[in-house]
Each structure stands twice: as C-alpha cells, then as structure tokens.
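The structure appears below as structure tokens.
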C-alpha cells in the first residue's frame, strides 16, 4: 500500500532544516503511539486480543495502553458509541494532550454499523475528527494493526516543526485563546441537529 | 481485616450513623468510577461516595451501551435478529445465539436433529470456556496479576482459531440457525478441537498454580463480597454467583435442554459465597466444560453424516444447489427469506450462560416480526448486586467485587 | 405437585384465571390490584424464591392495553410461573413487587424507562437505560424506529471549561 | 587543573541541564492548543461532581507521620552501617552497637504502642 498521497510541492520549498527536523520528530511520534483504548463493546475484546500475545501491537511501539487520556496520543474508539456516552467520549478526546490522532475501530464507530436505532451515534466523526476508519464487525486484530501502519504513514507526512517555525499553530481561529477540534464529518454528513424533532410532521 | 461489615442496606443512601465531626470520618468525597474505566469491564458508571477509603454509597448507572436491540428486533423480524444476539454478551457470542434459537424453537415447536444438538452443546461449552477465560484474565489484571491476562488470552486465541474453523469468523459468528446449525463439522475441525481439549486442563492447572495458592490473590478475594444464599436469591442472582453461595442450581441440570440430561458432568458449588468461592466455581466449571466437549465429540462420530439442520421448510432455508433446480425449493427459500413467521403466543427458554440464567422471552402475534422480544440478562442482576456487596468495604475491594460478579455491558444494556 | 395445583391449594380458584402458554409454562392472569397479595402468596406459600424478570408487552395495535408480565422461579420445585396483568395503555399503573423481591427493582426501572409503566411504591422510580433528561418511552409501538432527536442532550451539553456541572 | 570536585560539578550540570532542557524544549516546541475542557479534571469522562477540597479523615495524616518516624530511623541506621568499619578499628565498635540497639529498641517500643492502640488498622 503506497503512501496515501504523493508528497506535494509545498514540502520542497519548506527548507532543509524544517523537513529534516520534521522527519526526526515524526519518526519519534509514529513509533511510540500510546493508545487510549476506549473499549465500548465487542471491538474492545478484539482490542484486548490485539494487545494480547498473539497479535501484539508492541511490535509497533503501541502497547503502553494507559487508561488515562493525559498520557495517550492515539484514541482508539472500539465499539458502539451511544448518545448517552457521546459526552464522555468527546470529553476524553478533549482531555488528550496534542498531538493526538483517532482511529474509529469497527463499523459501529465509523458509521453506526448495524444499529440504525434511537440511541446510537451514526459515526463518531460527527463528534470528533477521525484519522483512520477500520471496517469490520469486529475487525480482525491484524486489520487494526494495518490501520495503525496507515496512521504511521499519515504521521510521516505531517510537519510540526515547519508549522512551528512559520508560527502557524500559535494562534487560534476564534481569538478567545480556545481551540475547538471540529469533527471532520467524512462518513456521515453532519446530522447533528437534523434528526426528527418531537413535533415534526413526519412523526404524525 | 474485620469480617464483612454488613450495614443495614438501603440502596444509595449512606448510613447516617457516622457523625461527621468525629475526626476519624472526614466529609464524603463523591466521585464517578465512570463509563471509561479499566476495572468496570465495559461502560458502567458507579457513583461512589467515599469516606476516606471506605465506600459509603455506591449507585450503578447503566445504559451507556444501550443500543435499543429490543426495538430493532421488532422491526427486523425473527431471522434478521440473529446477528444482534451475537453482540449481546460479546465474550460468548454463540451461547446467546443458541438461547435465542431455542426460544424460537420452543415458540414454533421445531425439533432440532440429534447432530445439530450435539454441535450446539460443543459450541456452547467452548463459548463458556472462552467467557470464563475473559473473566479470569481481566479480573486478575485488575488485581495486579498481569501475566494472567497474557496466559488466558493465549488460550482464548486457540479457541478463536477453533471457532474460525467452525464458523468462518473469530468472534460474533452467527453460526446457529432456527432448527440447528449453519454448517456441518468435519473431521479436521474435530481433530483441532481434540488437540485443544487435550492440552487445556494442564493450562488450567497452570492458572491455579499461579492464583489459587497465591497469598495476594487469596487475601484480595477471601471474605470480600460475601453473599448469603437468601440474599443471592432475593437479588435474582444466578449462575456461578448463585452457586458460589452454596445453592446447587444449574439450568443444565434442573431444566435440561438440548440433550444435557444425557451427558455426565458435575456442577461445582461453593460454600461461603465470597469472591474466592466464585473464582473456584468458575475454574471447576471450565474443567467440567472440557469433559462435556469431549463427550460431545465422541457422540459426533455415531451421528456422522446425518443432517444437522431440521428439514422443516417453513423455517429453514433449503440447500443452495436444490434451490437452483427445483421450483418448490425456490418458493420455500423465498417464503423463508421474506417472511419467516412463527405461531402466536409467548415463550421463554432459559439457558445456563457463563453469567447466569440467560433467556429470551419472545411474544409473537403470528407475523414475521415479534410483538416483543425481551432479553433476560443475567449481567443486569449482577450489576444490581454491586452496592449490596461493595458498601462498607474499601475502595480497592471494589475491583475484586466487580471482577467476581462478572458481567458484560453489552448484555446488561442490550 | 404442579404450580397451578399449589396455587389452587392455597387460594382456591377465584381471583386468577389460568392461561395456557405456548411453551407450556404455567401462566396466570390476575388483576393489577390483586398483585401484592398474590405475589406474597407466591413467594411464601408456593415457594417461588426468585424473580426472573418483569417486562411489558405493548398490544396497542389490537387493543389499547399493555400486558405486564412477571416470571418467577422456584428452586425447590424446579418450576416456573408467569403472571400476566392487563393495564390500560393510556395510564399503565401497577403496584411494585420490589419490597418482596429486591432483584426486581432494575427490571421495574427498565420497564418504566422503556414503556412508561408507573410502578406504585417503587420510591425512586428513575430511568435505567436512557439518560435522565429523556422524555419519551422508546419501546412503545408509536415511538419511531430512528428515535426523536437522539442528539438533543449532546447538543445542549455546554462543554464546561470549569470543573463541576453535571455532564 | 581538575580539582577533586569537578566530576561532581559535571554531574550536577548534566542532570540540571537535562531537566531544564527538557522543560524548555517542550515549552518552546509544544503546540499550545488550549481546547475546551482540556484543563478540566479527568474523571472517567464525566464532569467532576462535588469538589476535592474536603476534610479528610485524620487517619491519612496518622499513617504518614508513622511512616516518616520509621523512615528516619532507617536513615540513622544507614549512617551507623557506613561508619561501622571505622568504629571497630577505633575500638568503640561495641559501644556504638549498643547505642544503636538502644535506639532501635526505643522505636520498637513505639511501634508496639502504636500497634496496640490500633492506629495501624485501617478501617475502624
């Protein structure tokens, strides 16, 4: 599986120092992704099997599964996210220090899966920006390891030092010193607020 | 350690016999042992009131994994609800399948052929072993024995490869159908199962060597969360939690189904009803399941070649090759796929799951979609009993209590 | 000694009507008001030590009624009994059995949460599965499959910067 | 002109330098993204209820003080153990040993008193 996108011209003119420093920082980041296992349902069991002896993600430096968001940089949402749990999931995502990435493990977290019901979030990208989606119900552990490898390729092409030298990530859009990581709504076009409300005529 | 102080129990209200200006009891610290916590084995939230280290009040809050399965069953219909039953108690998917299939067979008086029943017993006992391995692995890692997690998951991976060979998928394998099983079991699978069953008892001895005599495991579990038989029955506990307190009740023995009465196995029963007894009961249950699996495999030989799925075409899909060349089979398939309807009435078929008595109460009005499909979850009763065992104890005992009650949130929240 | 004989031995034949169930479990239909006495008799005289479940069946497609359905298990006799109570669907109201079998409290809370059946005497009758601020009862037949505004609580959750404030 | 203390100086500079460098680098290089809720206390995904500044049971303080008491005792024992060799050469080995025995005996007495009063037993 080659790199997702060929390296664009922007990287060439970023100057020697930035790309080399970026490469070093990205190399360090991608090989020590500490997962935050948000094990919600069946995918959580496959997540444990992945951390277990047979599939063993410590070969990729990702086995230090801390259960506190403060010490993790990869949030693996494994299982069905319900609307009652949505606030807790978003709070955990907010409380993770930057840089952070999100893997939506299984179809339930990617797009609501088999549950088109009144209580299930139809895809966690309505709540938080997701980097890699893993199909499968539950996906085999090697599918999730493949997702981590894809994420590592994605991290390789990030440019933290160049953004730093060009002062890009200092400011914040809303000017209140408060960042908000908007959901990327890649799979489900954002349906927050578009559900049937109580007195809509379709219900009558 | 003083023995189990049992406060006069009113749910969620800390006893007021503590005067708060006595320096030994500070103010009440309220915290969430929340939906995202390694020791709650899933998304359960406990609202805990702590007085120093002692739990004064504990109120479980469930529903963080409520996916509305009973509602989707009413719109999906009988046949399409099978994959949902895998995701109920997701550490033993096939056992939920069998429970659901049995309640439908009871509703429609459908006879499962001999070989189908034997395969089901073999599959259910393998799922029970897998579920108890998850209990052992996660409870041990919560109490500090990290190697147990890797030991039990190595064994569980072997069961995954077995089920992969039987059913085509490691987990959530919808292999059971109304009236039998989906595919036959051939000689290579039986050889693999025999090989696994041959080496598994020695692995259980390894687990016991690591835990049973272990001083830390003994002190963390002995006398913690003690249950009297009357309490267990009043709180509708069942399965290993009930047998741990000395009540000899096992649905496989007392309401036998699927041919269990013709198998010979014992039912382990504890004495004191504390976490340590529940642990011993589950370890012994794994050994009994191995015996059951071996007997099921021996029976497989003399029913070789006979059909594993009933021939009653009202509920069962005809084999694919027949459908292509016979008009009648094509009509059967079309009728079953679009509208497999069951006769009017209610039915409840209890099954001995690894957590307790699991059953599907199905009410049908004669159409292809159920009027009501209530899932009787033993896990919900286990969660309900947490405050009874946890209040008055130290916070670190909460891990042993939650581990030993052994519930899975998919089944609790449905 | 079958279940119905045991009940008849204690109570004679008035006050309940036997119903034959599809799966052969002895099934009895009684009035809502007779439940506390009947339940106490079941537990003490007929030996039904534990309650298996409490649920409701929404029969509003044919008649505007709910069937509240209890099931009890007797370990000493190794048999089960099912009790059905018909309540009006507009205002389903049934006395609680939580004081007799405390194991029934979560089943009753779930039945209230899903159907809106009011269990009198069950003092903190709160929702079990849906979040507190939810006003509808999902398992009623008229409730739509996709739900009504499932994300309302998430939208209204003002993501507090400072600590405190209920999620 | 390497005086005998230079290695210690290098060691101090290295350790302090390493610690300070880490702090400064992470301060400079780190992306300071202050999102909503990031500064909230982490309580398993929920907004924390109540506050943590409450009056704790005195037991915690008691256990802490007892720990310090017996910890300092071991510090003195280490001091004696380091000098034991030179005491025996100086001929006062036995005297110092009896003093240490007396010191330890006194503290064992204290431990017995604390044990009997039940301060070590946690949940009373």
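Note that the chains take the letters A, B, C and D in the order they are written out, and that residue 1 is the start of every chain.
FYI, a residue touches a chain if its C-beta (ideal position, glycine included) is under 8 Å from a C-beta of that chain, and two chains touch if they have at least 3 such contacts.
Model, not experiment: these values are computed from the prediction.
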Innermost chain by mean C-alpha position: B
Pair of chains joined by more contacts [C-beta pairs], A-D or B-C: B-C
Subunit C and subunit D: spacing of chain centres that average the CA atoms, whole Å: 58
Rounded Å distance between subunit B and subunit C, as computed from the means of their C-alpha atoms: 23
Centre-to-centre distance between subunit D and subunit A (centres being mean Cα positions), rounded to whole Å: 40
Intercentroid distance (Cα basis), subunit B paired with subunit A, Å: 32
Sequence positions of subunit C contacting 2 or more other chains: 130-131, 138, 143, 145, 147, 159, 161, 167
Residue numbers of subunit A (touch at least two other chains): 84-85, 87-89, 91-92, 94, 116-119, 178
Residues of subunit D touching at least two other chains: 36-37, 40, 44-49
Contact set on subunit B toward subunit C in their complex: 11-12, 62-63, 66, 68, 70-72, 75, 103, 106-107, 233-238, 247, 249, 254-255, 343-350, 357, 359, 361, 363, 365, 371-372, 374, 376, 380-381, 383-384, 413-414
Residues of subunit C defined as touching subunit A within the complex: 130-131, 136, 138, 143-155, 157, 159, 161, 167
Residue ranges of subunit D touching subunit B (in the complex, touch as defined): 43-46, 48-50, 52, 54-60, 122-124
Residues on subunit A engaged by subunit D in the complex (per definition of touch): 68-70, 85, 87-89, 91-92, 94-95, 97-99, 160-161, 163-164, 169-170, 172, 177-181
Touching residues (chain side subunit D, partner subunit A) in the complex: 29-38, 40, 42, 44-47
